[in-house]
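Heads up, there are several structures right after this.
Two complexes, one shared chain (chain A), two partners (chain B, chain C).
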Partner chain A sequence: MPASFDKLAAKAEESVDVTLDSNMLQLAGRFLSGQDADQAKAKKIVAGLKGITVRSFTFKQEGEYNAADVDAFREQLKAPAWSRVVGVTEKNGEREEVYLKTSSGSQIGGIVIISAEPKELTIVNLSGDISVDDLGELGGQFGIPKVELPKSKGKEE
Partner chain B sequence: MSQMDDALREALRREAAPEGFAERVMAKVGREERQATKSDDLSHWLLAAFRRPQLRWATALAGVALAIGTMEYRNEAEKRAEGERAKDQVMLALRITGGKLRLTQAAVRRIQYAPREQ
Partner chain C sequence: MRARLLAVFLAAAILAVPGAAFGADRDFDRLVKAVETRFGTQPLHIPLMGLANFFVKVARPEGAGGFRLAVFEDLKFDADEDGAALDRMMASASEGLHPLVKVRSRRDHEWTYIYTGEMGKTARMLIATFERNEATVVEVQLSMDALVRALGDPAEAGKAFAR
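And now, the complex of A and B:
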């Protein structure tokens, strides 16, 4: 994650910073219950992951972060290692992007989500093996309706 | 002067202690000693045991085992707290991920179903 994100955290009204390496994920996996549906699903997803990084900033006003803050991070997500599977820019300035790290078979080597809204910026990076099914169900778990990811790599922009 | 001498002599004259005074004093001293011993029972017992050659090793081993047990207990408690924190962070991270995927899907749908301009 770019160092500029630390400055954004100082400006933000609220910020979330989750950084978990493989050791911490293993530790968390031991404490995730198999009885609870959400935790059981999380346990399955976490088993293949090497790291989780989430940075989310909520600002009081629009324009408190600029595109350059995100561009520096986006620069790292280049082909052939990464491919952008979804990129949506809306009239109100919202921009949603999903990048997948190419891997063999039905496994994905990692996923990055960039969600840039006028007053909120969120970057999610799940690195490690994650199956397409797990990814599709990820949105359907945790009290959120199921996500159907587009099968083609077509861009919506 | 002689009056003062007489008064002093009278005040300081040797008088026999009341009956049982010595026994009561000794009984009180004994009681206080026993109370002091009771409060330091464990340390006294350990010291006493350590002074006995045949118990010296056993006492030392018991002390080491107690120290190791306490440390293990503390480590386990710290590890449990760290694990619970990591679990909460995983759940938060996956909730945010799920929410953002849903947001992306909704944005894609809005574009797919938006009326096309002629």
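And now, the complex of A and C:
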């Protein structure tokens, strides 16, 4: 996560940082129940993850952060290492983007989610072996927001 | 004040846990010392701890074990001016711990840092909460089930401690 986010944190009314490293995830995975269907899915996904970082900012008023604040981070998510697979902009200004990192061949090395609302900005970085479909299973857990993904993944807007 | 009440409440409840583990004090002591040095104040003696048995009958946090608590008053913490310095202080004082959650709320004038220490059958969690005039440092030993539940929504867990 870029240092520029620290400046955003200084402007935000509330900011939340969540950091789960590989050790923590593997440990949590061991204690997730294999019997409970939801936990069993999460357990399987977590086994392939190396880390989860979530940075969330809530602002008092609209316009307290701007596109440039996010662009600096977006610059890091360029081809060929990264590809944007989801980009949804809603009429109310909400914007959700999902980027995939390919590590070797077709294997996915990580996912970044950028969820930007007029007064809220959330960045999620999942490193490790994970698919876009897994996002739906992890949403709402480990500090990862629930992301409404379009049914036809891979399409933009 | 809310954070302090919560901390005292938790401490009171946990005192009933038999065989509570109070090991691995160094990290807790280091955080407490850092707060003492930064704000030039000493932790309070907490006579309310004597009411533990009363609170124990009311609530007992599931999966919680050993517990240490330090409460500071009269801090004069200004988030706008002191926030960055507090981040630096906590980064230095928490060396060797795993940062798990950091919540900074200007709305509520509350800064919360949660770290985890060594883990095995239980996990050690250190929570430092700073409000305008008060600070609380808590070390709690959690069962792994309790830790996993906290990880389910770590940000909310952090906010809950800040309340």
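Methods note: the second predicted complex is superposed on the first by the 120 of 157 C-alpha atoms of A that agree within 3 Å, B and C clash if a C-alpha of one lies under 4 Å from a C-alpha of the other, contacts with A are read in each partner's own complex, and residues count from 1 in each chain.
Definition applied: a contact is a pair of C-beta atoms (placed from the backbone, for glycine too) under 8 Å apart; a residue touches a chain by one contact, two chains touch by 3 or more.
Note that the coordinates shown come from a computational prediction; the quantities given were computed from them, not determined experimentally.
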Practice prompt. Could you say whether A:13 touches chain B, chain C, both of them, or neither, answering first, second, both or neither?
Written response: second
Item to complete: Give one of first, second, both or neither to describe whether A:86 is in contact with chain B, with chain C, with both, or with none.
Response: first
Worksheet item: Which chain, chain B or chain C, is in touch with more residues of chain A?
Response: B
Practice prompt. Examine A:32 and indicate which partner it touches, taking first as chain B and second as chain C; both and neither are also allowed.
Written response: both
Item to complete: Give one of first, second, both or neither to describe whether A:24 is in contact with chain B, with chain C, with both, or with none.
Response: both
Worksheet item: Now for A:98: first (chain B), second (chain C), both, or neither, which partner does it touch?
Response: first
Worksheet item: Is A:54 in contact with chain B, with chain C, with both, or with neither (first, second, both, neither)?
Response: both
Item to complete: Please write out, lowest number first, the residues of chain A touched by both chain B and chain C across the two complexes.
Response: 16, 18, 20, 24, 27-28, 30-32, 54, 56, 140-142
Worksheet item: In the complex formed with chain C, which residues of chain A make contact?
Response: 9-10, 12-21, 23-24, 27-28, 30-32, 54, 56, 60, 140-143
Worksheet, complete the sentence: Within their complex, chain A touches chain B through residues 16, 18, 20, 24-25, 27-28, 30-32, 38-39, 42, 45-46, 52, 54, 56, 86, 88, 90, 94, 96-98, 111, 113, 115, 122, 124, 126, 135, 138-142, 144-145, 147-150, 156
Item to complete: Please name which positions on chain C make contact with chain A in the complex.
Response: 83-84, 98-108, 116, 119, 123, 144-145, 147-148, 151-155, 158-159
Discussion item. Considering only the defined contacts, which chain B positions touch chain A in the complex?
Written reply: 79-80, 82-84, 86-87, 89-105, 107-108, 110-111
